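Provided herewith is a single structure, encoded as structure tokens, for subsequent inquiry.
As written, the chain order gives the labels A, B, C and D, with residue 1 at the start of each chain.
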Amino acid sequence: MSASPVLSFWAPLMVVIAFLIVAAITYTYRSRGRSSFKEDTEQTKVFLSGEDEPEAGMRHVRAHNMYWGFFEAMKRYYDPVVRAHTGIANDYLIWMFGLAGLVGVLLFAPGLF
Amino acid sequence: MSTIITNAPFIAVAALACVGIYIMLSQRNLIKIVMGITIFEAAVNLFLVSLGYRNDGIAPIFTNATGIHMVLPVPQAMTLTSIVIGVATTAMMLTLIVLIYRHTGETDAKKSRRVKG
Amino acid sequence: MEALITHSPILAIAVPLLAAFLTPLMGRLGPRVRDTFVVLVLAVVQILVIIVAREVYANGIQVYVLGAAGPSLAIPETHMVPVRIILEVDGLGAFLGIMGATVALAGAIYSISCMKLETGQDRFYTLMLLLAASMIGIQYTGDLFNLFVFLEILSISGAALAAFRTRFVDAVEGGFKYVIVSTIAALLVLISIGMFYGQYNLLNIAAIADAMQYTAIDKIALALLVVALLTKSGAVPSHWWVPDTYTPAAGGTSPIIYAASLTCLGALFRVVFSLYGLKLSLSVVGWVVIVAGLLSMFIGVTMALRQTDVKRLMTYHAISQEGYMLLGVGVGLAVLGNPQAVAAYGREAIAGGIFHVINNAFFKGLLLLTGEALFFQLGTRDLNKMGGLGRNMKWTCAFFIIGALAISGVPPFNGFASKLMIYESSFHLNPMLTIIALVVSIMTLASFTKVFQAAFTGPEQPQFAAVSSVPLSMKVGMGILAAATVLFSLFPQFVVDTIVYPATDALLNQTGYINAVMGGA
Amino acid sequence: MMSKVVRSVARLATPAVLTFGLYVIMHGHVTSGGGFQGGAVFASAAALLLVAFGSERVKEHMKIPALTGIAVSGAVIFIGLGFAGLATTFFYNLFVGSPVFGHVPPFGPAHEDIWTAGVIPLMNIGVALNVVAGLTAIMVVMAIASENKRDGE
């Protein structure tokens, strides 16, 4: 029962300590910030120019807006993959039997790899 | 000819399995899918029972009988267990189909589907 | 005490099984009695699996023969082969037993509050205990047919739990898909059992492994077993049922069903390593497992990115993380025939895969529970409707952050430790594997950032102003898994040396597994 | 509800079916059969009654909670007998040699001695209770479900 060669150089406690030190530094730095900032005043408004703030529902970036560019760029990958997830019970079974056939063929064709 | 007769159960197994798999893969009706599964299950059960068959064998309810061919009891026990489990799963599937029908008014796998992607 | 240790393997299965049938009787005494009873039983099971594990790690493989004149009387005097049902617990079984029992305990405690308003709770807890019993049974059994029976118990109880809230149409549909897929998987397992019995007249895994010839029929049986168990564990390309089933699973059961599918992954390892071992065409099966792992990782994570249902997103990650385990173990399997490669990186790869199994059961279970907590409080799983919930659901938010960082492999969490082991070792086989694994890890972080941003940050939404923190039992349930995650994160070296490497060595030592039952040197 | 002929025949046949089911259950350890087979025969009487008299009348006499109780007690008997053998091993046949089903049969063709096989006949009874109640409950529930649907349409 030997020690893992990979994990022997991995010390999570060190990372935790480093995180705490950085957090302490950050907190001290933050507390030295401008003392003129007051909560619940004009300063916290979203628009400095005094425009009306939109409602809470409008200010939040919704989940479906995220990574839009990624999906658009990967359209050629996503279209067939999403279409394959039909949700029809028969298709699940077709994939399963197909996979069984494929693995069976691979086992009987040694030398392929 | 005799090989055909001794292998007849296994031919039946293959035929039943093909029928079952074909129904499962091609029929969109949920109840027909369950029927296909049941036929496939019957094929598996027949396969197990035929494994234990011995020529001129008798029922294995003897204690240490010598000189008498007995069919193997273990595949029979396995088949019975599998039948019991089959009853439970079939009941489960049919119950869920009843519920799906109540929710959607459909027994078609495609039309009753509500989640995908 | 001695007797308890001897009988602990069967007790770990039989106690939840008996308790499952006593639960309806307890339910007549009142819900509090029943809930306490269920939690107590699962706590006892937890203690039992730890006793088994201690014994296994101290004294090697534990064999328990049911119905024999003595618990270790594997082969009767009048026979040459084992005829009774034999439980055989090796390092892997003990390891996955601990995983299953912990997740079941957390899920049961979580469910107390979460399911309080549902009807038919007696049946709910009965099914939950059956699921726990079958999960431990699959790991502990040394008998193929027994494995099939436990697989079927797992399928039926899992499907019933997935479909438990029958007022939701997606729950019923998820349960139906799960039951048909797992019935077919179990039937494929049964066919292969028949093939083994027809050839060797044996059902015991160790005895079949001893007699294994790797004939053409054994190859067919291997293909059926691999596909059935890959399907049950939810690997691409037959992962389709996973999101449909886990997403609507009621209360605290989604992590338990997930742990159950990880158990099926353990059964796959058992079949490949202990039943076939060096006799199978290693590179073919190894690369089948690796490719299945890569596909699971990539398709799982890319599909997860585009989901807007919070639990469905997490279930796609379940598939994706399963890919890491398959990758690690597949790398080890591909080089199993080469002792130098095994010593250099193969053992490390398998250990990484197995370590990832237990890590995932904890942090993925935690994430699924937070998803269910959001559903419990908001009545919706739609991320598009959420926002600003970090204000009112602080505990859930904290648990979510722990789980999300751990699953994305951010140091110092345990996900990083196990992924590091997989990266380091798979790099030796083929650098491409590591690159794909790293990219997937980044995309995992991206998609959990999306959940965090959409659900917990942002301005407070007026419709959720009245949302309160989750009840105590749900916090405790999530807390157990979070505590396990944090503990495993802080002391990965200890965990790997005490439980992961024994499990790995148990897989690699096929002769040991055979000799424990068959005797001999 | 079916016609009077059907109902009369069902009334006559039910005792015979039940007796045969009981026979199969109790002789499970010496002849073919056992708890599940006998239980299925026994429960088929419930199917007969359901067909002949309709679910309206049958469900008055077969309440689901009672059936659940019977099924649960059957399972508890089965696993309890397993626990009873725990002094030696789980599922150990502890009644061999005792007055309860304890005869040890001589070697050779079975002697149809019903007092053999130790715990196995008792386990058969447990299984039979479970199967009878379970199958009956399944049939009653399905019958009620189909009746409800008919009202709804």
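In this section, contacts are C-beta pairs under 8 Å (C-beta built on N, C-alpha and C of every residue); 3 or more make two chains touch, one makes a residue touch a chain.
Since this is a predicted model, take the numbers as computed values, not measurements.
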Could you see whether B-D or A-C has the larger number of C-beta contact pairs? A-C
Quick one: report the Å distance separating chain A from chain C, using the average Cα coordinate of each chain. 23
Nearest whole angstrom, what separates the Cα centre of chain B from the Cα centre of chain C? 28
Taking each chain's centre as the mean of its CA atoms, how far is chain C from chain D in angstrom? 35
Shared-interface residues of chain C (touching two or more other chains) are 176, 180, 184, 244, 303, 306
Residues touching two or more other chains, restricted to chain A: which are they? 82, 85, 87, 89, 93
Residues of chain B engaged with two or more neighbouring chains: 24, 30, 33, 113-115, 117
Which pairs of chains touch each other? A-B, A-C, B-C, B-D, C-D
Mind listing the chain B positions that touch chain A in their complex? 21, 24-28, 30, 33, 109-110, 113-117
Which of the residues in chain B end up touching chain D in this complex? 59, 61-65, 80, 83-84, 87, 91, 94-95, 98, 101-102
Name, in rising order, each residue of chain C that touches chain D in their complex. 7, 10, 14, 17-18, 21-22, 24-25, 64-71, 85
Residue positions on chain C within touch of chain A in the complex are 176-177, 180-181, 184-185, 188, 216, 219-220, 222-224, 226-228, 230-231, 237-238, 240-241, 244, 281, 283-285, 287-288, 299, 302-303, 305-306, 308, 348, 351-352, 383-384, 386-388, 411-413, 417, 420-421, 424-425, 446, 450-451, 453-455, 458-462, 489-493, 496-497, 501-502, 505
Note: in the complex, chain D contacts chain C through residues 68-69, 72, 75-76, 79-80, 82-83, 85-86, 88-93
